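Chain lettering (A, B, C and D) follows the sequence in which the chains are written, and residue indices restart at 1 in each chain.
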Amino acid sequence: MTKQTIKNIGVFTSGGDSPGMNAAIRAVVRTALYYDLKVTGILRGYDGMIGGDFLAMERRSVANIIQRGGTVLKTARSDEFRTKEGRKKAYDQLKSQNIDALVAIGGDGTFTGAKIFYEEYGLPVVGLPGTIDNDLLGTDFTIGYDTAINTVIDAVDKIRDTAESHDRLFIVEVMGRDSGLIALRSGIGTGAEAILIPETKTDIKALLARLEVSRKDKSSKIIIVAEGDDAGGAFEIAKNVKEKFPLIDTRVSVLGHIQRGGAPTCMDRVLASRLGVAAVECLKEGKTGEMIGIVNGKIHFTPFGQAIKHNVDVNKELLKIVEILSL
Amino acid sequence: MTKQTIKNIGVFTSGGDSPGMNAAIRAVVRTALYYDLKVTGILRGYDGMIGGDFLAMERRSVANIIQRGGTVLKTARSDEFRTKEGRKKAYDQLKSQNIDALVAIGGDGTFTGAKIFYEEYGLPVVGLPGTIDNDLLGTDFTIGYDTAINTVIDAVDKIRDTAESHDRLFIVEVMGRDSGLIALRSGIGTGAEAILIPETKTDIKALLARLEVSRKDKSSKIIIVAEGDDAGGAFEIAKNVKEKFPLIDTRVSVLGHIQRGGAPTCMDRVLASRLGVAAVECLKEGKTGEMIGIVNGKIHFTPFGQAIKHNVDVNKELLKIVEILSL
Amino acid sequence: MTKQTIKNIGVFTSGGDSPGMNAAIRAVVRTALYYDLKVTGILRGYDGMIGGDFLAMERRSVANIIQRGGTVLKTARSDEFRTKEGRKKAYDQLKSQNIDALVAIGGDGTFTGAKIFYEEYGLPVVGLPGTIDNDLLGTDFTIGYDTAINTVIDAVDKIRDTAESHDRLFIVEVMGRDSGLIALRSGIGTGAEAILIPETKTDIKALLARLEVSRKDKSSKIIIVAEGDDAGGAFEIAKNVKEKFPLIDTRVSVLGHIQRGGAPTCMDRVLASRLGVAAVECLKEGKTGEMIGIVNGKIHFTPFGQAIKHNVDVNKELLKIVEILSL
Amino acid sequence: MTKQTIKNIGVFTSGGDSPGMNAAIRAVVRTALYYDLKVTGILRGYDGMIGGDFLAMERRSVANIIQRGGTVLKTARSDEFRTKEGRKKAYDQLKSQNIDALVAIGGDGTFTGAKIFYEEYGLPVVGLPGTIDNDLLGTDFTIGYDTAINTVIDAVDKIRDTAESHDRLFIVEVMGRDSGLIALRSGIGTGAEAILIPETKTDIKALLARLEVSRKDKSSKIIIVAEGDDAGGAFEIAKNVKEKFPLIDTRVSVLGHIQRGGAPTCMDRVLASRLGVAAVECLKEGKTGEMIGIVNGKIHFTPFGQAIKHNVDVNKELLKIVEILSL
């Protein structure tokens, strides 16, 4: 790839929002200014790119946002950008502003769009992994994951209070349509009695057998279920439990959208800051078409085509820990 | 009523748990010891009374619990105590331990039981209002309400982040089967665009008309619905909105059981401490059959028969504020 | 007083900031717009008034600020406004913008200024009590107090973890130069072993005697000291304790400025919202020269001259509770 | 080393407490029981070992502690254990209980003691890194570090509210007598304008020069100082700033002991759980004399002699990020 001299970087967030996106935007903006580049905010992801929703960013534009959840650039999913016409419009808008490079913050859908766009128009683009699901190859953690699992344990700690007071069984559903990573770490962190995730076959019979054994133990119990678990969500599991053990006081809690918001944790802010700095620096060095992550503590590049894939392996050690500690 | 010399106070929590119950238990225990009385913890409410689940309480039994949600004495709803036989057993158990007075912490179901029990057996008993719903006459605030509304605004602040990032309408369901007080204050506190509560007739048409007007305003919107609202819960409202405005990105979040747990707020701890002290002092002075609350900053007594009633008036001023500020 | 027709309300914050000031600003702005009045933000209190730092406020100017600590209008203490010349400049600036009424949010210094200004120029002005100290007559609670005491108990709960692990005595200094109200409620809320406040004579000898008695009890201990206590701050108390009991592992923690910030609690947001609405409504009705508070649940007016005074009585019942529960 | 059959594991915490120690204790206890081993809690570290302060641990002994700060086994620094006689007593006490292996949770002082004890008596012992400072070789993160940096950013976010409202400069001192790691990550996470740490020479002149440049920028500023910084603590820095810029409204906040407490974050709970499981498993396999950490996501062993050393290198990339983003 030929090194181009970049002068004006466009930055945007796309797909589901995640805590820490603002820290990433801040880092991109400040790093660009540090290197005397212009930087333009693009509102509402690809939709705003098509519509020309641009915002010149100054140092003060990103003051005091590092601690805020959500994204000040707003985000959206764009159907129009999936069409050739949509992308043409987007390109023309960018050209009219002399935006000559892009930083895309989002998940795999965002990167798929970025990949096609780069292939069609050759505008340098790098991606930062912003999603609470932590389901992207090429980075140990995605921006927002650490905050999301802390939101979950906060909520489950509260639920444990009431579960313990009533000797109840709570079945708590957490986010993760294709990935059990939120369920896995938050389940360990809350001392859950069982964790059900899409990556492993859920054996309802075995679960019920375990409950049978521990039934006389009058303490509270928490089961964490990822929304995409193969045995169905929390309500389905609860139905099974209630049929078999009508006397167990069983309740369901679906944590829902609180998992996407909130002030980012320190680790998410640091991760987002590091990645934002790296994004600008590697655009300057001519990199394009890659997602930037951190693997084993070091900046790591992954071509969009590989970052897109979902199949993150679940750490076998973590699964074993659940078994040992929940006994 | 003749003033009896009390020597051994039994304390228990009953019905739904609420944050601050532990602070109340602590205050009852320490105040009893301060006045050289014995104090016995009764586990699992009336069920534990019937079963003889007693625990001698010392100063250290209640150390370091003021900040914990739930109740260390556990709680339950008891069917057996509704029967004459059940209450007979409970009385015999109390007598066998020389428990000669009771402090009952709970809601109106708890007080109904206490009232009947007192009428049948004459054992002095006072009640402390422990419920997140704040729906008892005779106290400005119940133990747990302040914590619950703060849990709600914490959750909705998080939801606002993601609502704002996506320009979404969120319909958030909060607790309150018969009472809109959680919805009302947390709705004002989160700057909700509308608050739907059982105490006022919900006019879906008017709500939709308001959304129509503000549709072009592309910002996020939050509607808070009490679970017992006459228009149905959050999902029902969402159905109505989606039918009329299919283009509005509408989501539902049911906050659920997180509202019952968590470390109590300072006000709940202070309230619970004041009431716990008052409970022991007024038993010593011969009071019985009354719920102890705080009205206009002062300790206030209400006969169980009146505390039971639900129909707390909703503050008209607060309703008007919602209308003005959400415009 | 003659009822004037008000058309443009200026709103500002002054003195120390407190959580909930933004909620009050939001309420003033939205209520003014609701009644078709103009509303102008004045930056940095009286200093900005003199300098003409004005900001036309729209509905969206106050979107999404209800949950933020601090004040978007910024605040300052102004020396120039204490001079006749300064106030003349301020008046001229206001006139040039056709601002014909003021809402002043702050503490007693703020109201002193407002009182003099009103007496000199006759511009209608009402005040809202915004200070974490809760030391103003004419309102049960000031905006920010509830948040501050929750910040304190959060911090002390953390300190209790480490105190308990090490069997330490912690002396924790909280804000309150002239007032012990933060110390008092947060001390009860954290289960402090002693609370030292300026309103009562601190008897160091009695304190040491109590520690002597409880010395063999190896558990942790927390003493809460208001910074303005007559026995000196936390370091002074610690010196006394260490001299007498060199073997007690004694530590000091001065909580400091964290007590002024943070997202306001639900009660502070509701209080600020109610007062903000009332401020505009009573300016419309011709009120001036009064601080608006809430007493016993109802809006309450106090002439500036009386709100200024510090000497809020300390609730005797609360003091007794400390004695009973900390035993 | 010959593989011994271990039957009774003693577990203790020693040195400064850190959040997550309870999660580690829980994991050690449950894993031991899972493998049908006995497990004994030793209270107050080496002091309790000498005094024979033992506690048989069951599954329920560690129920509901994963979310609590501090350590249920308490902790202390022991002078007596530094003597040959003290260690002899400790050994005799352990033998009398048939404790045949140890898990020591603490920092480098803890491991120094464990190393000598193992060399003298041959009792197998492994260590888990429990300290908020993150200053141990052999693990990417120590138990408690993640919680501590989140406590710091929480506090500084609050301070930022008031700094921003008053356009103040705040100098915030965080823990770290020999290590700047808390300051470094929390400084990036709070968007601090400067971070002063012991690992790098602090150039006060350069700092003042930077403040000179940004003086006209009227926004708030935060400087984070590690307590062990070579330029002195926060008060010393403040003195320098005030001398040079008397007009800058400069304040100091020393965060102090709140940094040691609080409910552990999810990452600290997961880390502690993984390490606790690994501790028991590797004692079973005959390992001894090593600290167990996690490096690059995998369990990692470090001989006590190397884990003791302080000189963790500061990540150069992080230092550069501070420079870029704070501009």
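Here are some notes:
The rule we apply is simple: contacts are C-beta pairs under 8 Å (C-beta built on N, C-alpha and C of every residue); 3 or more make two chains touch, one makes a residue touch a chain.
Quick caveat: nothing in here was measured; it's all calculated off a predicted structure.
By residue number, over half of the touching pairs seen at A-B are also found at C-D, the match among C-D, A-D or B-C. Centre-to-centre spacing of subunit C and subunit D amounts to 36 Å, using the average Cα coordinate of each chain. With centres set at the average Cα position, the gap from subunit A to subunit C is 39 Å. Here the CA centre of subunit A is 28 Å from the CA centre of subunit D.
Among all residues of subunit C, those that touch two or more other chains are 157, 160, 164.
If touching chains are joined by edges, the resulting network of the protein chains shown is one closed cycle, each chain touching exactly two neighbours. Of all residues in subunit C, those touching subunit B in their complex are 26-27, 30-31, 33-34, 59-60, 63-64, 66-67, 140, 146, 149-150, 152-153, 157, 160, 164, 185-186, 188-191, 219, 263, 265-267, 269-270, 273-274, 277, 296-297, 299, 315, 317-318, 320-321, 324-325, 327. Those residues of subunit A whose C-beta lies close enough to touch subunit B in the complex are 13, 16-17, 19, 21, 68-71, 74-76, 151, 155, 157-162, 164-167, 170, 251-258, 260-262.
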